[in-house]
Structure formats: C-alpha cells, structure tokens
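One chain, chain A, appears in both complexes that follow, with chain B as partner in the first and chain C in the second.
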Partner chain A sequence: MSIAIHNLTKRYGAQTAVDDLSCEVAEGSVYGLLGPNGAGKSTAFKCVLGLARPNAGSITIDGKPLAPATFEFLSFVPERPALYEWMTVRQHFELARRTYARFDTARAAELGAIFKLDSAKRVKRLSKGQHTAVALALAFSIRPRVMVLDEPASGLDPIFQRVVLDLIIDAAAGGAAILFSSHQIGQVERAADRIGILNNGKLVLEGDLDTLKGNQKVVEAVFDSEALAPNGLADDQRVARIVLSGRIMRVYVRRDAGGIVTALEALAPRSLSVFDLSLEDMFLGAVDDGSTGHGNGAA
Partner chain B sequence: MAAIFSVDPRSGVPLYLQLIEQVKRAVALGVLAPGEQLPTVKALALELIVNPNTVARAYRELERDQVIETSPGRGSFIRSNGALGESRRAIDDVAASVLAEAVREARALGLGRDAIRALFEQGIERWFESGKGKLS
Partner chain C sequence: MYFVEFCRARKTLLIYAIILVFAALIAIWSIHTAIVLHEAGSPATDLRFSSGNGDTSHGRIMRLAPHTVPIVVPIIIAGYMLWAFTIALSCSLNRERHVLVSTFTKPASRSRIALSYFGVDAAAIVLAYAFAVLVIVLVIGLSLGGFQVFYLDDVAAWTAALAIAVAFMWYGVLQAVSSWSKGGWGLFAGLSWPGFFILAGLGEFTLLGPIVHDLFIALNVINPVAYAPLNAVVLGGKSALGPSFFNLPYEIRVPLVLAFAVAACAIATMSWKRVEA
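The block that comes next holds the complex of A and B.
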C-alpha cells in the first residue's frame, strides 16, 4: 500500500501548523520526516490519520481517501502512546486481538519477548521506554501495510532502538509503506530511503536520501585575500547558500558541484575542495533561519 | 558472509554507492568468487540495518555493471565472466581518485611538483620495500 499527501494545509486559528505539504510514501518505502520541535510533524500525522481535519489538501491511501477499512491495515504509534494505565500488558494484547482481524497472536508473543515485556504488569507500572515498547509490539502485531510512527523510539535504550530499526526494515521489505519522524538522525539515515525536512510547517527539503547525498555538496575555496562571492552566484539555481568567512568561501550546492568548481576555478583560488554533506549537515542547513549568523544569500 | 560488507550511514556518500564499492572491492580482492551467491536484499538490509530499497538499488546497479546476475527465485550471484574486470576497473578508479585527492591537498598546502613527487616516492618505498610496513 502507499500513502499520498497532496497540498496539505492545517491551520489552528491564525497559526498555520502545516503549510502546503506534499509527499508520497510508496509501497516498501520508508519516509523519514525530520524537523525541529513544533515544525508540524505531529499535526501532519494527525491529518494523515483523520484525527485532524485539514483546511486544504488531500490524503489518500492506495489512491483512496481514508475509510474505516483502512485502519485494518494501518498502525499508528503516537509520540505519547495511548494505553490504559489500569490494564496489564496481556490485557492490551487481548484487546487488540479482539479489535483487529489481522492481529497475529504468535507475532505479538514474539514481539513481547523481543522487547522483554512482562505481560502481567499493569501499564501504570511501566517505564516510558516500556510504554513505547508495548505500543510498538501492538502496532507490528497486526502486520500493517501502512505505518505512521511519531518518534517511535522515544524513551528506548540503544538496544531496543536497534530492534525498532529492524522491525521497520523488515516491514518495509515486506511491502509496507512507512511514514515516521525522529529526532535521531542516525535512525533516519539507516531506515529511510526518502526524507522530508519540515520547518515552520513547510517542507524545505525533500527527496530520495541517496540522491540528496549525491547532489548536495559543499565547495570550499580558499583565496589569498578576502573571499568575495562572484556576481550572480547566490542566485544560481544550483546554489543553496554561500558562507563567507575571511579568505574562505563555502558554497552549499544543491546539485552539479562539478559545475560550481569550474565556476570558482575562474577566480584562481589557492585551493578548492568538495565536501560531502551528511543528513545532519543537510538538516541543520535546511532549518537555519539565519539566527545563527551564518548563511548568506538564497536559502 | 554479509560481514564482509560495512557501510557508514552517517557519511555523505550515498549508501548504495558505498555498497557497490564494497561488493566490487570484495570481488577484486577475491573475497567474493565468481558464482558466489549474495545475500537477499532483505537479509542484507537487516544485516547492515539499512533501507531495503537502498540495497535493491545497489544490486540493480551492480547488475547493470555486469558484476552480478540475478535470476528470479534463485537470488543474486557474482558473474562468472566480466565481474572481475569491472571490479578491478572500479578499484583502480577508487585508488586514482584517492591519489588525485592527495595531490590536490598537497598542492593546496603550497607544495610544488617536485616536493609532492618526493613524498610519493617515500610513500611507495615505505609500503613496497621488502614487505616492511605491510599491514598484517
């Protein structure tokens, strides 16, 4: 199954939480949504799940609008999982078994063991990480075809974070479409094949992660005297931004780093290098609103 | 077997390119022999903890480069002919770009043609002279 979000806008009063968001998650694909706190990720997820009504735009699963039947195949793990404090872990599994036709009891037992859950424990006695683990075990037990995971590893230790990655990769290999958010960039760059970066409700960078890594580079030129950006370079479509500091010029390139190198060679710099950008670099560059004092020109 | 591959998701180098280079390197060094079977996409994705589509993309490119062949239902294998030649070319390319980068860096540091040549000579002597300095 697949998820398609087209021109989604959600406003709360005067505030626009999600601003014209479009993205698609294909079958077998994992889409990592990144963004600072308050960027609009959770609001976007609520709209995808029909928990909030968009002001504009559409959401479709396999080309069709959300319908009650969609939820047979869809798992959602919110940032703060909604569990019944007074119920035991076992009772939660039993409730899910009665609710979901696709609930796989054997798989649930397996997941309970993987997360080392004590099924006799009441939820109110669980740690934050164990809360998350219960929600994840329930979510994966229906063998979902569509998943929406909001910070799915919050509160988990590094070993269980690894388990979550395994579960996501396994589900994607089985054809599920997975939309997830995480503040842990390391998780996103492993699990996701596509990413989107939200800032102030707007998608500021989006694409296939490996293609972005292949295209986005920093060209660094060192000059014998103070560096000055050549006319028009900041407006070049290939250039994201230019940072000047003394004799050093760094040009953040969206694509065609080779072409920018050629353009800068004409200025006879003392040295010229091309550096790769990690996802973290891209993220920080994309959400930089100028408050850090870096950045110059078109963002 | 998958333990012969290792990728760095934090790097700015696309993961599928890292994987392609690793496979070619393993073929060029004889770690993977012609006819040898590669893990399935899912198995390798879980082993390396990376997205399955990323592994699938690397396999597709390796197939286009005629390093591996995939038959539906049987899996992916190192090709009996062509794989070694292509892999050696790829390794040459990697070595050439590493050396080119070193020259560029040395020149950026202000070294001239002769100084750089002398350093290269020293480096070659160090690693090739009667096995001394060789990695165990």
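The block that comes next holds the complex of A and C.
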C-alpha cells in the first residue's frame, strides 16, 4: 500500500495551514515530514486520515480515496495519544482486538513486554512516555500496511526511542508505507529514505535523503572576535549559504570544500572544521526565514 | 465495536446502582426508625403514609394509601431518577474529544460508531430504569410489610413507556446540542436540569405578551420535561398522571417523544459526520 497526496490545501479561516502539499510514500518506504512547530505537519496528517476536510487536493491510499475499511490496514499514532483515561491498558488491547481483524495478540503481548507495560494499570495512572508506548504498541499490533506517526517517540526515553526506530524500520522492511514526523531529526535521518520539509504550510524541500545531501559539506570556522563573511564569498558559486552566529561562521558548500577552507584560512580563525551536511543542517537551512538570526549572508 | 460503549455504560450503571442501593438503605432505615418511634408514641413523628384519602387539590403532593400502593408510584419515582442517570450517560459521543482521533480512525463508518453508542446507551437507560423500579418497590414493600400492597393500575404501562421515552429524548437533545459544540458537554448536561424545568414553567408565562409566550411554547416542543408529568394523583383508589405542559393522550405522546429522541440522535449523528478531530 502507498500514500499519495496531491496539491493538498487546508485553510482555517484566513490562515492556510497546509498550502499545496504534494508527496508520495511508496510501499516499504519511510517518509519523514519535518517542520517547525505550526508548520502544518499535524494538519496534513489529519487530512490524510480524514480527520480534517481539505479545501483542495486529493489523498489516496493505494490509489483509492480513504474509506472506513482502509483503517483495517492503517495505524495512526497522534502526537498526544488518544487513549481512554478510565480504561486499563488491557482493555485498550481488548478494544483493538475486537476492532481490527488483523490484530495480532501475540505481537501485542510482545510489544507490551518490550515497552514494559503494566496491563492492569489504568491509563490515567501512566506517565507521558507510557501513554506513547501504549499507543505505539496498539498501532504496531495490527501489523499495519500504512502508518501515520505524528511524533511517535514523544516522551520516550532514549532506549525506547531506539525501540520505536527499530519498529519503524522493521515495519517498512515488511512492506509498510510509513509517513512520520519528529522533532528528533536524528531519528528521521536514520529511519527515513525520503524527506519533506514543511514551513508555514508549504513544502520547501523534498526528495530522497541521500540525493539531497549529495556531496555538500559544512565548513565551520570559529574566530576570536565576531565573525564577518569575507567579501565575495557569498557570491561564490560553490557556496550555498553562509550562516554567522557570534564568533562562528558556517559555510554550506556545494562542491570543492577544500577551496573554501583555503579561503577561510586566510582569515586566521581560531579553529576550522569540515563536516558532512546533516539533515539538521538541511532542515535549518530550509526553514530559516531570518527570524532566528542565523540566515545572514545566504547565497 | 461496542466494547468502549459497553465499558462506559457499565461503569455509569455501576455508580448509579451503588448510589441507588445506598439511598434505598437509608430510606429503609429511616422509615423503620420512624415506625419504631411512632409505635413508641413519640410526638415528633407523624407518618404521612397513613392519611391518604385521595385529596388531590394541591396537585403536587402524592399520598399513599396505607396498605395499597399503585405500581405507578415506583414507576414515576424511578422516572425522575432515570433522568439523572441519562444525564450521566449523555454526551457520550462528545465528552472525550481527545479520543475522537482514535474513534474516527477505526474501520467503521462514523454513523455506525454513533449508532453503537446510541444502542448501548439506550439499553443502559432501560436497564437503569428497571433497576430503579425494582429498588423502589423493595423499599416500599419492605417498609410497608410486604409486596402485596402493590396493585397494578391502568396507567402503569404507559407511564413506564413515557418515563423511558422522556429519558431517551433528554439523552438525544443533549447529544444533538453537545455535538455542535467543541466542548462543554458537562455544562450542557448540568444546565439541562434547570433549563428544561424553567423552560416548561416559562411556557405558562403570559405576562410578556403573546409573541414571547408563543416563543416559549415553541421552545418547549424540544423540551423533554414538557411531555412528562411532574406528579401522579390517586383518585378514589384509581391512579392517573398529573398534567404535563403538552397534555396529549399517551397514545400520541409516547410515540411523539420517541420520535423526537430519534430525530435528535439523527441530528447528532449528522453533526458527528462533519466533525473535524
């Protein structure tokens, strides 16, 4: 199964939450949707799930519009787990067993043990991380073929975050199409094979993660006093972007990082380092609208 | 699909049953104490049970004959209790907004989900009513020395049907009203008590002119209390229901109230289909 979103637009009054979003999540792949708070990720997810009505565009699951029967194969983990506070963990599993024909009782028990869930406990007695763990265990127990995960590791400790990462990769390896968002960029970088970055409702960057990274490098120079970009560097065709932050200068280089390093050495920095471009660098570059004070001198 | 609804209704029924049994025990103990004191000749106790002569001039006072009690009495008292239960149960679709994302991502249509809520809640309302009648019969029977005091009267069956129908309508109106709101189901439920009773009273208020009076009458059409009798009377050993705002015959009133209940639930379902979680 796959997810296809075409020209999705969702407005709330005068505010456009999602603006002409298009992306596809293929079977067996993980699509990481990134964006700052309020970028429109959760709204996009709600539209995919039929929880919000789009103003324009279409969404199909496996080539067909969403129907109640689709949810037999589709799992959703919202940012804030939607659990019944007055029910126990066991009752939630029982509810899922009665609701989903594909519910796998053995898998549920296995996931309950992995997340160390006390099945007799009422949900209102669980911690935030345990809430998330219950929601995740339920979502993976139906052996979904499509998953929509909105901040799926929210509130979990690093050990369980790794478990979630493994579950996502495992489900994709089993053929599931997974659309997920996370503020933990490292997690997205590890799990996703394709990413999209939303900013103010618009998709500002999208593509295969490896292709997007390409051979880009970051040259980071630290100076004794406030860093100033040398004349002409911003116009250099090899330079994608320059970010100045106090004594630090970061130059995002498309090619020939060595030549840029030589140019910066002439400024006598205290230290000079070269890194591979990370997803975090891409994210910050894509969403930087100058409001953070990091976008000076972008080329 | 009925699991959550069932668990919720069971929880509400259990709390209701505990409160009812507790109240029944207090009532039995109080009556027993009063009888003991009366038999001991205490001037402080004057048992009203023993004075029923069918005087209905005050309209709001129900008097019981000493050794015969029309079965309509527990049926009416249980009806009032049922309203409290109905309020506790109503707004079920809307009371947990945060789980709507989970409810709406189940492999079932929203209409079917709504119907499953209504179905389970309707069954719970009937059960709660039967339980309340049973408890009141036990209290009266044990207090008056046996169940032979009860006799079946003409209006018993219709009264029971009306009590349940009014509870259904109350439930439906609350579902419909709260389904148009993004919150505040508790407010709707809590205010429905004074709201419905005040509205029924305003329907007889003519001082503000005929237009306002007509408006109140129109509003009372969707007021379940306007169809319910507020009292029962016993006339020469024969029971009859007291007046209600819309004094229609039972044969019309019960189906009409049920129809309003169904319509209100249909409105709630339509509204639910449009809800964005």
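One rule holds in what follows: the second predicted complex is superposed on the first by the 229 of 299 C-alpha atoms of A that agree within 3 Å, B and C clash if a C-alpha of one lies under 4 Å from a C-alpha of the other, contacts with A are read in each partner's own complex, and residues count from 1 in each chain.
We take it that a contact is a pair of C-beta atoms (placed from the backbone, for glycine too) under 8 Å apart; a residue touches a chain by one contact, two chains touch by 3 or more.
All of these numbers come straight from a predicted model, not from anything done at the bench.
Student: Please indicate which partner A:Ser29 is in contact with in the superposed arrangement: first for chain B, second for chain C, both, or neither.
Tutor: first
Student: Mind working out whether A:Ser273 is in touch with chain B, chain C, both or neither, as first, second, both or neither?
Tutor: first
Student: May I ask you to decide whether A:Arg80 touches chain B, chain C, both, or neither, giving the answer as first, second, both or neither?
Tutor: Touch status of A:Arg80: second partner only.
Student: If you stack the two complexes on chain A, which partner ends up touching A:Asp256: first (chain B), second (chain C), both, or neither?
Tutor: In the superposition, A:Asp256 touches no partner, neither chain B nor chain C.
Student: More residues of chain A are touched by which partner: chain B or chain C?
Tutor: B
Student: Which partner does A:Asp62 reach: the first (chain B), the second (chain C), both, or neither?
Tutor: neither
Student: Which holds for A:Gln91: it touches chain B only (first), chain C only (second), both, or neither?
Tutor: After superposition on chain A, A:Gln91 lies in contact with chain C alone.
Student: Quick one: is A:Val222 in contact with chain B, with chain C, with both, or with neither? Answer first, second, both or neither.
Tutor: It touches chain B, and chain C stays clear.
Student: If we count contacts the way the header does, which residues on chain B are in touch with chain A in the complex?
Tutor: Within the complex, chain B contacts chain A at residues 9-17, 41-42, 45-46, 49-54, 57, 104-105, 107-108.
Student: Chain C touches which residues of chain A in the complex?
Tutor: 46, 49-53, 68-72, 74, 76, 78, 80, 82-84, 86-87, 91, 94-95, 98-101
Student: So in the complex, which bits of chain A are touching chain B?
Tutor: Contact set of chain A toward chain B: 28-30, 162, 165-166, 169-170, 172-173, 186, 189-193, 209-211, 213-214, 216-217, 222, 270-273, 275-281.
Student: Which residues of chain C touch chain A once you look at their complex with the stated criterion?
Tutor: Interface residues on chain C, with respect to chain A: 1, 3-4, 7-8, 11, 96, 98-109, 112, 276-277.
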